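Right after this note come the structures.
Two complexes follow with subunit A in common, the first pairing it with subunit B and the second with subunit C.
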Partner chain A sequence: MTETVTAGQRVAPGTTPVRRARSRRRRRDTLIGLLSVLPALVLVAALMWYPLVTTVYHGFTDWDGVVTKWVGLDNYRQLFGDGDIWQYLRTNLVFFLSIPVILVISLVVAVLLHEQTPGARFFRSVYYLPCMLSVAVVGLLMRSMFAPDGMANRSLSAVGLGGLATDWLAYTVTSFLVLILAFYWQTLGQGALIFLAGLSAMPSSVVEAAQVDGAGWWRRLFRIVLPMQTPAISYFLVTNTAYVFVGLFSLIFTVTRGGPGSTTVPLDYEIYLSAFQSGDLGYASAVSVVLLVLVSIIAWLQVRNFDLYSRQGGR
Partner chain B sequence: MRSATARMGRLAITLALTIVAISAVYPLLFMLITSLKSHGDYIRSPISLPAHWTNLDNYTAMFNRFDVGRLYANSVIYVAAAWLICLAVSLPAAFAFAKLEFPGRRLLFVALICSLAIPTVTFIIPDYVLLADLGIIDSPISVILLWSATGTPGTVFLLAAFMRSLPSEVIDAAAVDGAGYFQTMRRVILPMSLPAIVTVTIFDVTGWWNDLLTPLVFLQSESQATITLGVATIVTRYQSDLPLLIAGLVMAALPPIAVYVVAQRYIRRGLVLGAVQ
Partner chain C sequence: MGTNAYSRRRFLQSMTLAGGALALGACGGGSGSGKGGTLTYWNQFFPTSSSTDKSLKRDDFWVIQSAKRFADANGINVVVTDLPGDDSAFTKFRTAGVARNGPDVASLWSGAYTFGLKSYITPLDKYVDGAYRSTLTGWEVGTEGLVAGKGTLYGIPPANDGIAAVYFDSRVLDRAGAKVSEDTVLEWDQWLEVLRRIKATGVTPLALGNGDYTLFSLFYWIAQVTGGETGLRDLGDGTRKFNDPALQAVVRQWLQLVPYALPNPSTMDDPVAQVGAGKAAVVVQGPWAIAGLRDVLGQNVLMTRLPNINATAPIRDSGIGGPGGDFVVTSYSKHKDEAAAFIKHLTSKTEQLDRIKNHPHEDVKFPNLTGVDLASLFTDPLLVRQAEWVNQKFVFYADNIWPTDLVNEIYAQAQLIWAGKKTPEAFLSALDDKRDSIVKNGSK
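Up next, the complex of A and B:
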């Protein structure tokens, strides 16, 4: 077969049979390549790209699933003009502002784990356990723990802090506390593992050199170890920022259902509500477009970070 | 003197880590303990230990009253079908992106990777309308299609990243031996990519198992529900009997936890893929 000629790559170039074989191989690669990616692209195009385009279109319409009526910017006017958007975004922002705290907790836990204490492997395994659970399961568990006569209130009474017991999900502030607790519980393990990987990837020579220079533990931590964790930190920040803007649906659905009132409704839950509860598909599409713009910005940040650090790492 | 402070430091660290570990595990233990209690036990004291550790009444009630066996079977069948479709389209695509030269390769790959960031909720409405027009609403097919489509970009990305590091010489050698496309796939690519396939399988499968939004939107009949959808909607209606609901939560959570216990290594590797290169 002619392919045998090209098989051992980098055979002396320029000779005609080789060139001919190569071009035949290229044509074969093109055909096989296109046929190979076709099924995946068809699946994604049919169920993600095409519907996405229609979402953008339907954002300008009044749509009930059957009849479509062009209304121009009406949906956006309602969203921005009437200020609905800020109500939903506020929920996302509360979660967003809670990220630094869990970042620090995860980082501290990872640094401690990295100190090679006995049982570090065991701890590492245990911390990640909650991350395996469905957000829906965690949400329902939290909801039952923070019910009026649930475990939280009973525990507070048992240790003499009964005065702190409250109907957690009846107030906005305490509802957010419960939601963020659930978020933290499922994020700690992920964060600790990410940072632990980052710490382990650190060349030990750098740290040892500083040690020889007489730098103490704290000094080494802040001057050398933490700055080297910037890629891991930014990865953690970006993935969790994405989560708090697009992934809150299951948590809200199972813990507060957006209540009390609609004070804990984030963007993605509002899309579900207006589409599948009120049947206002046009408005839901407009909210989807806003969410999409936000996601694009976050994704752009992610790509930029990735480029930045992989280029640094390559050097 | 120095070693004494060092030992104290060690002790303090272990103590801190233990406290964090307890808070990470406590809700899980609470779940397990509560599921073994009777309703009366729970009302008397939600924080005490169960009177009888072998009281499995809540679990048998889950089977008798909510047909949990059915919900489990649904979840397993839907996830398995989505996994088959997703891998069937992703493996050849990943191979082509990693090892073949063809026009539009870069552009198509970037387009697929960008789809990773698109949240399902932004296109689930037109998908619902589309599938309703085709008459496959309230049918497992809709959920299976959605899962396999949304899982594809990530699966291709991870598999392609892995396949790029496979030695081209081996693949070329197979071609020399006269192996056709499908033979090369089955004899060379598949076995060599096994670690990556295991990793994506774990992430895809647990993700689908835990998914609430897609089955919630597409499945209306209780008999079609997945276990996650089932505990979140059907069982929640009986919220007055909390230990029963929590037994349901334990049943939904057990398979992912079992996966974790068995495949920890792969999960750790997959998780940090994006964090450190």
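Up next, the complex of A and C:
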């Protein structure tokens, strides 16, 4: 559609009919754009921002789900004052320190799969299976395997190592061993998949050139293959670091329930206990806010890491 | 267009009919005609399935039949939904309370468990008159302060659990040459001697589950030396310290059981099955274990009261138990009158006696009716004896008296001390710390 300017019609300085039309179109595009994102914005606001804001607010209250009473910083004083938070964080820290080991195991498995070692074809079809099981299933399996008369103790006895049979979930150290084994079992498939993807994306010419130059298998592995996996390693580290702070609930709930005592209670499980067992939703909100801050720092590190790597050209 | 063509009008008519049929079907999901709306009951106490007799259908169980009778008589739909039997039921009830989408009536654990959820519960005083009160026993367990008639009534007891007792495989006792009589209560040294003799036969004596080694035994022995419910209340509110020489001695004695028990009671799911499998010979449980024990041991079950902790304890030859649960009406129910009437129906003499007489396959819960000779309702000698004990003085469950957070702390700390990771002093001191923290933060 075109517009004509007739004699006597005033035209604002710098405004032509074409420009007006363009401006209208821009406004219309903006409106359409806003309307398009509105449903998503409403959903994000309702499902993320509203709960987040109310959680921060309730962190300053004594709230049982019905009655709310402003108590200022009392919940935070209680959390840091009785020192329990350090015990919960210790549990998170134990998992955090276990990540490098599963990283190495996943890398080894990925390299063996990539190198088509004997049995690789079979293993390639089964290694991801544990990732497809729900954590609840893995947890219950672990609980029954490591019961006093479970498969672990029976197997030890069967091979003449009955002296090593123990009440696995009755002691803190062995409870952590069981939990970390479950964590590894679930993470191995994911880790191997990440590294296998990284290895597959690696240009074969680089490895072949090194081979021509006389580099042996080990030298190629440590000098070429692994350095080129740095982005994958970084991704694996940051995602699992986030997991050990916010994702342990289901594993702990199904395997140890925080026991023995409360020695395997991580921060996210404590939120469940204080909110839904003790009914102290205000205190639980305060713990949630502390966890939010922690995870935000982790997320910031994650973004910063990726920025760093992308600036370095992915190296 | 052929004659069989489906016009848009016909399609819309069909969809309307189908939708209407679905809506009607949904309304008819519970018991009764539903003319007066729907009453939802979250049931934690009464079975609606059997792990041993798969031929029993849901409709064969008392609570379902009773709900149907109420629905038919009152023209209201009653939907019975099962709650988990453990403390996760409270999580479900609490979250439903926050969302206000829970039931009209629920069965909860009584005492402190119920009072901890009172934000979501309607006080029942105005629904309960003197005539109704006089028909039931155990009103104190749902009354805040645990004194009947002297506080707000939040829960109505549906039955009496009976008291925790010791059950022996009598064949193992015979093999061990251990003398145990149903009529006498073992003193502590005699109890240890019996366990020692059983162990000498090659069978681990005790199979204890999570509640068995704490709330059914340790808590009773604590109550024995502290003077019963008064002493337990003093421990719960801080008037008395856990960490004192008398209770240290109790805990030391309790730990003498460790070498005679299967490992890790906190994760043992089914102690009776361990006895059935011949891996143990003794369990400590309430009368609900009797049916299972009869299944695996037949007549070879010998039941005694819990042993006495020492000769000077103010409470002796007694037990721990009582009405461990109660019925509550939620604060957000839109059918409070009907909900209260439903509770009265479930606790009526007719219904309670029907539960005992016509549903022998269900785990026993003793009627809490006044003026009824409980022992005459049973034929199994173990149940007859338990029914006699119910009418005698015993200590109410400590976990229903103490704050729930304190009880959870005891469960947690008990795992550590049972595994040898804590001394009695450290264990009791941790309980004092927790109780003090609860008392302090409770008034936040």
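Just so we're on the same page, the second predicted complex is superposed on the first by the 275 of 315 C-alpha atoms of A that agree within 3 Å, B and C clash if a C-alpha of one lies under 4 Å from a C-alpha of the other, contacts with A are read in each partner's own complex, and residues count from 1 in each chain.
As a convention for this text, a contact is a pair of C-beta atoms (placed from the backbone, for glycine too) under 8 Å apart; a residue touches a chain by one contact, two chains touch by 3 or more.
Computed from a predicted model, the values in this text were never measured in an experiment.
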item	value
Which superposed partner A:P148 touches (first subunit B, second subunit C, both, neither)	second
Partner chain(s) touched by A:G65 [first = subunit B, second = subunit C, both, neither]	both
Contacts of A:F80 with subunit B and subunit C, given as first, second, both or neither	neither
Subunit B versus subunit C as contact partner of A:F96, first or second or both or neither	neither
First (subunit B), second (subunit C), both or neither touched by A:P260	second
First, second, both or neither for A:F176, with subunit B first and subunit C second	neither
Residue contacts with subunit A in the superposition, subunit B compared against subunit C	B
Which of subunit B and subunit C A:L281 touches, first, second, both or neither	both
Residues of subunit A that lie at the interface with subunit B and also at the interface with subunit C	65, 147, 149, 276, 281
Subunit B-facing residues of subunit A, complex	1, 3-4, 6-9, 26, 29-37, 39-41, 43-44, 46-52, 54-55, 58, 65, 109, 112-113, 115, 117-120, 123, 125-130, 132-138, 140-142, 144-145, 147, 149-151, 154-155, 158, 185, 188-190, 193-194, 197-198, 201, 231-232, 235-236, 239, 242, 246-247, 249-250, 253-254, 268, 271-272, 275-276, 281, 284-285, 288-289, 291-292, 295-296, 298-299, 302, 306, 309-310, 313
For the subunit B and subunit A complex, residues of the former touching the latter	10, 13-14, 16-18, 20-21, 23-25, 27-28, 30-31, 43, 45-47, 85, 88-90, 92-93, 95-97, 100-105, 108, 112, 114-115, 117-119, 121-123, 125-130, 132, 145-146, 148-150, 152-153, 156, 168-169, 172-173, 175-176, 178, 181, 206, 209-213, 216-217, 228, 231-232, 236, 239, 242, 245-246, 249, 252-253, 256-257, 259-260, 264, 267-268, 271-272, 274-277
Of all residues in subunit A, those that touch subunit C in their complex	62, 64-67, 71, 74, 78, 82, 143, 147-149, 167, 169-172, 258-263, 273, 276-281, 283
Of all residues in subunit C, those that touch subunit A in their complex	87, 90-91, 94-95, 97-98, 116-117, 119-120, 262-264, 266-267, 279, 331, 404-405, 408, 412-413, 415-416, 418-419, 421, 437, 441, 444
